[in-house]
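Below you'll find the structures, each written out as structure tokens.
What follows is a pair of complexes built around subunit A, which joins subunit B in one and subunit C in the other.
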Partner chain A sequence: MSRSHPAILEIDHLKKYYPIQKGFLRRTVGHVKAVDDIRLTIHEGETFGLVGESGCGKSTLGRCLIRAVEPSSGQVAFTDRSGERLNVLSLDNKKLKKLRQEMQMVFQDPFSSLNPRMTVFNIVAEPLVCNGIARGAELVRRVTDLVERVGLERSHLNRYPHAFSGGQRQRIGIARALATNPRFIVCDEAVSALDVSVQAQIINLLQDLQRSLGLSYLFISHDLSVIEHISHRVGVMYVGKMAEIGETEALFAKPLHPYTEALLLSKPAADPAKRKERYVLSGEVANPASPPSGCAFHPRCPYATERCKTDTPALVEVEPDRYSACHYAGELQLQGKRQS
Partner chain B sequence: MATDESVLLEVRDLRTYFHLDEGIMKAVDGVSFELKRGRTLGIVGESGCGKSVTTLSILHLLPAFAKLEGDILLRLNKGERKGSVVNLAKLNPRGKEYQRIRGGEIAMIFQEPMKAFSPVHTIGNQITESIRLHRTRDKKQAREIATELLGSVGISNPAQRLNEYPHQLSGGMRQRAMIAMAISGLPSVLIADEPTTALDVTIQAQVLRLMNDLKAGHDMSVIFITHDLGVIAEMADDVAVMYAGKIVEYATVEKLFQAPAHPYTIALMNAMPSMNGRGERLASIEGSVPILMNLKPGCPFFSRCGHAVKGLCDRSEVGLTQVSPNHWVRCALANQTGQGAAI
Partner chain C sequence: MSRSYETSSQWRLMWRKFKKHRLALIALPLLLLLYLTAVFCGFLAPNLPETRFVDYKNSPPQKLRFVDEEGKFHLRPFVYGYKMEIDKESFRRTFTADTARKYPVHLFVKGDSYKLLGFIKSDVHLFGVKDGNPLFLMGTDKLGRDLFSRILYGSRISLSFGMAGVALTLVFGVIIGGISGYFGGWVDTVIQRLIDLLISIPTIPLWMALAAALPRTWSTAQLYLGMIVIFSLIDWTGLARVVRGKLLSLREEDFTMAARLSGASHARIIFRHLLPSFYSYLIVTTTMAIPTTILGETALSFLGLGIQAPAVSWGVLLKDAQTLQTLAHQPWLLWPAAFIVLTVLLFNFLGDGLRDAADPYK
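For the complex of A and B:
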């Protein structure tokens, strides 16, 4: 999947710093480094899973890519339908609007991401109307198609969001994202608010759509088992930085960063016989406003040495297609996922 | 229960109905279980299955339009009547006796400590309030106990933390403070309602370990509510799987994971992404959880069940069948051989 397919999105040294202002004069006294120097390539037809704990910057990264949040610096190159490579961050508003037809987003909370005063028809039609893609009978036809494609019925079109369950609302959100015929979708915790049985329906839907429409996803989640299931490649974020990137299977079987190992082993295995092997990482997620010196993970890392306190490790290719930001990436023997 | 000393809490045919304008919502419909000393009972189910209402009914923290029927038998663990059994369902929910039981005999931890704590009182004030209600009237002594408790749940610098407000603590620390408050009245039963759902996975592991340590150290029994089967496997001794206000399967944790027998339990396990190969289609359960109003007769899982038999499952109410020792299933297709619905 990785290198054989052309890149759709290339991210280079992307940063998003939020200033911390204090005092009467609102002087900037520091920065929250929400996204700190991220390099990443997403390929056509690929699902790139982004995993990390709350506050690690994964949502900010996703929003920076479609410029829902304005990044501080860096480069984002998007290859559009015609094969032209566009610099997303330097586009003017008109071109950006056109580009956003190809880049869409599905949000976490299906209750707050749909306008309660609009009918399903109006919600799904809005992107088509705004972009002047369709109107009249054509609009009705396209909206009906979209709604049926995500597993809802024609009779649902005139209802309001409150009449639907969480899973159905998420389907409406997906239909809206698909309206402009995008090629790349940021799914920001798109299944996290759903119950397991409904979550499985939505994951299946996203995978079916990917196959039939050739979509690329940036799939953001804190849930490791969802990430493992849906992603071709995975990036693990910790306090604004990428800790590890690799192909899903390899990364889950043999992590190259101690933080990835900690995530994999902290997750309870659905097997009562595995109870004794519980692994508990000490400490809390570092504060992105004042991250620890050196490697941000060093205060919690069981393998940390003096060097980790001062030297910030760079993300380097340790093995083919495996990147890790740990000084000891190749040397440590880290445990993979607990089998269940 | 009067004879079996090891049973601390027994719930018998609990029915909590909400009388709404639209009709009667049967949030909890005939739930029975027992909690033994030193054990953890896990209640698992999807949102709206009645797992939270079940535990709120035990403490009678219900709105005025809720009507509660059935028996909730609690063996008192302290006071003059230690060892005797009271029926909480018959007690006045606003009475002194109930007040003593809430926090003193049965305590509760909620999912979102930010909502469960008062935002305008310090952590210290809120914990000492509970200590002064249940343990000592002396202010200074209560504060000492509170400091010690905060330290015991792994909060660093506890004396200073007592003076802080809930918003000044991180999510994990807040949940620890909530646990400290819950155990401050030395309860014999601790109810934890999705205590780690809002926490990150590494913090969740810390809190789960803390709860197990405290359970052993304080000789408590725990009712643990969650939607996460992984957490159930990690924490519970016995498990009740709930669906549409009813317990559909009740077993020891080993049995439940080795030989799940109810089609809903099996479907729930199969829907977990970790149970499926990468990229494969997940075995989802079609449809959604029914609204607990004006339910049709028969099994509530009928419309979503892959094994449902027309004319059998949708006729009359399905009772619990014992399929093996310590393993009950509410399925019309369950037979006595332990194979459940022969799946």
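For the complex of A and C:
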């Protein structure tokens, strides 16, 4: 799924720094490096899973791609339907609006992402109306199609969001994202707020849509099992930087970064007999306003050496299609996912 | 859950919640009644506010009776005339009911002519007694003017003042608060510090200073407008804060971002997403601000700094009840206070109910 498919999104040196301002005059006294020098390629038809602890910058990265948040610097190249490579960060408002027809977003919170004062019809129709794609009977037909496509009924169109469950609301959000017929969708923790059984339904829906519409996803989640299930490739983020990138199976079987190992091991095993050997990741996520020197993970890393405290490791291709930002990526024998 | 619930708009959900608030549900029609009274005061009042009944200065309220002194029941209510006695020592005139003179109260009586709504000339009053005989349901003041009629006429200024004052406050509050919340940054800081400054000044002295600055030569209408401006200049701060806070939180809501990503223009986001989300809050804040404004006008007029006689407002009427002496001998002059209390209470009940209903999604 990776090299054989053309890239749809190429991210290069992407940064998002939030200034920390103090005092009445709002002097900038430092920066929160939410996204710090990310390089990443997402291929057509692929689901790229982005995983990491809360506050590691996953969502900010997702939002930067669609320019819901303005990145500080870097490059994002998006290949549109006609094959043209667009420089996302330098588009003017008009072209950005066009880009967003091909690039959409599904939000985490199914409650705050739908305007409670609009009917389902108006919510799903909004992108079509705003982009002047359809009106009148055509609009009704397309909205009905969309709603049915995500597993809701025509009779739901006149209802308000308050009449729906979390899973149904998320379906409405997906229908809205699909309205302009996009090629790439950022799913920002799209199932995190849902019950486990409902999560599965939404994931299946996303996978069905991917197959039938040829969509590419950036799937952001903190839930390893969800990521493992849905992603073709996975990126592990830690304090604004990419710790490791690799194909899902390979990465879960044999991580190349101690942080990935720690995440995999901290996942509770299904078998209670194995509980004793449970590994607990000690310490807190580093503060992105003042990340530790050298490798940001070194204060929590069981393998850390003096070198890790001073040298910042770069993300390098350790094995074919396996990238890791650890000085000892090839040397450490790290444990993969427990067999359960 | 019924089908109607699922397809209910925000307003219908609000109405559902509002209905559960008993007091508010009672307050709403009563307030409407008060305002209708103010609009049709000419028709409802038996007398004109400025007519002096020189023979009946300081007369106490008449009782509306159905049963006469012989115990006979009359279907048509009536009032007794007054019998005046002069105390030989204090020379104070006291009025008692004269059971010998009965004046039946009729509906749609012809009396003094007035202009309904300011332009329809009429001389028909809803009720009254015939042949120019006295009917003072709430007594008269020291010049012999019917207090009940004066209260009804006074409600025009007092009640409309609340509405008009708050309307202007709303304009200031929404615009300034909107700028503060929408632009943020140093604009926000400056506006917020200005609000802090304004709030820190004690209101009554500030009102007094500003009201004293209005020229005494101004007509009633000018004074009225001037006072509205004074009130809103001081009062907008609270509303501006509400608007700013609400805008700040709404800007962060995902549906606002979703709309932006859907290609919605700024105007569309503001008018379809942001504004509808805080209409309800505006209504609540406004409702709660009306009684404060009414009380403010009353206070200033009571102190003699607001609306000036011969114009009547409830505050102006209360000015007559300033001394202990009048309170002891003419306690009925406190009737306007009862109307003020009633209005303020009703507005607070209504505001309470609206606040509960304001966000039907929580």
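We adopt the following convention: the second predicted complex is superposed on the first by the 340 of 340 C-alpha atoms of A that agree within 3 Å, B and C clash if a C-alpha of one lies under 4 Å from a C-alpha of the other, contacts with A are read in each partner's own complex, and residues count from 1 in each chain.
Keep this in mind: a residue touches a chain if its C-beta (ideal position, glycine included) is under 8 Å from a C-beta of that chain, and two chains touch if they have at least 3 such contacts.
From a predicted model like this one, the values you see are computed outputs, not experimental measurements.
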Touch check for A:Ala200: first (subunit B), second (subunit C), both, or neither?
-> first
Report the partner of subunit A that touches more of its residues: subunit B or subunit C.
-> B
Quick one: classify A:Ser82 as touching subunit B (first), subunit C (second), both or neither.
-> neither
Return first, second, both or neither, reflecting whether A:Arg26 touches subunit B, subunit C, both chains, or no partner chain.
-> second
Looking at the overlay, what does A:Gln333 touch: subunit B (first), subunit C (second), both, or neither?
-> neither
Considering only touches as defined above, state whether A:Ala68 meets subunit B (first), subunit C (second), both or neither.
-> second
Where on subunit A do the contacts from subunit B and from subunit C line up?
-> none
Listed in rising order, the residues of subunit A that touch subunit B in the complex are 53-54, 165, 167-168, 195-201, 203-204, 207, 222-226, 228-230, 248-249, 262-263, 266-275, 278-282, 284-285, 300, 340
Subunit C residues within the subunit A interface of the complex = 1, 5-10, 13, 185-186, 189, 253-255, 257-265, 268, 272-273, 276-277, 360-361
Over in the complex, which subunit B residues touch subunit A? Could you list them?
-> 46-47, 170-173, 200-206, 208-209, 227-234, 236, 253-254, 257, 267-269, 271-276, 278-279, 281-286, 288-289
For the subunit A and subunit C complex, residues of the former touching the latter = 24, 26, 66, 68, 97, 100-101, 104-105, 107-109, 112-119, 126-127, 130-131, 158-160, 162-163, 173, 176, 179-180
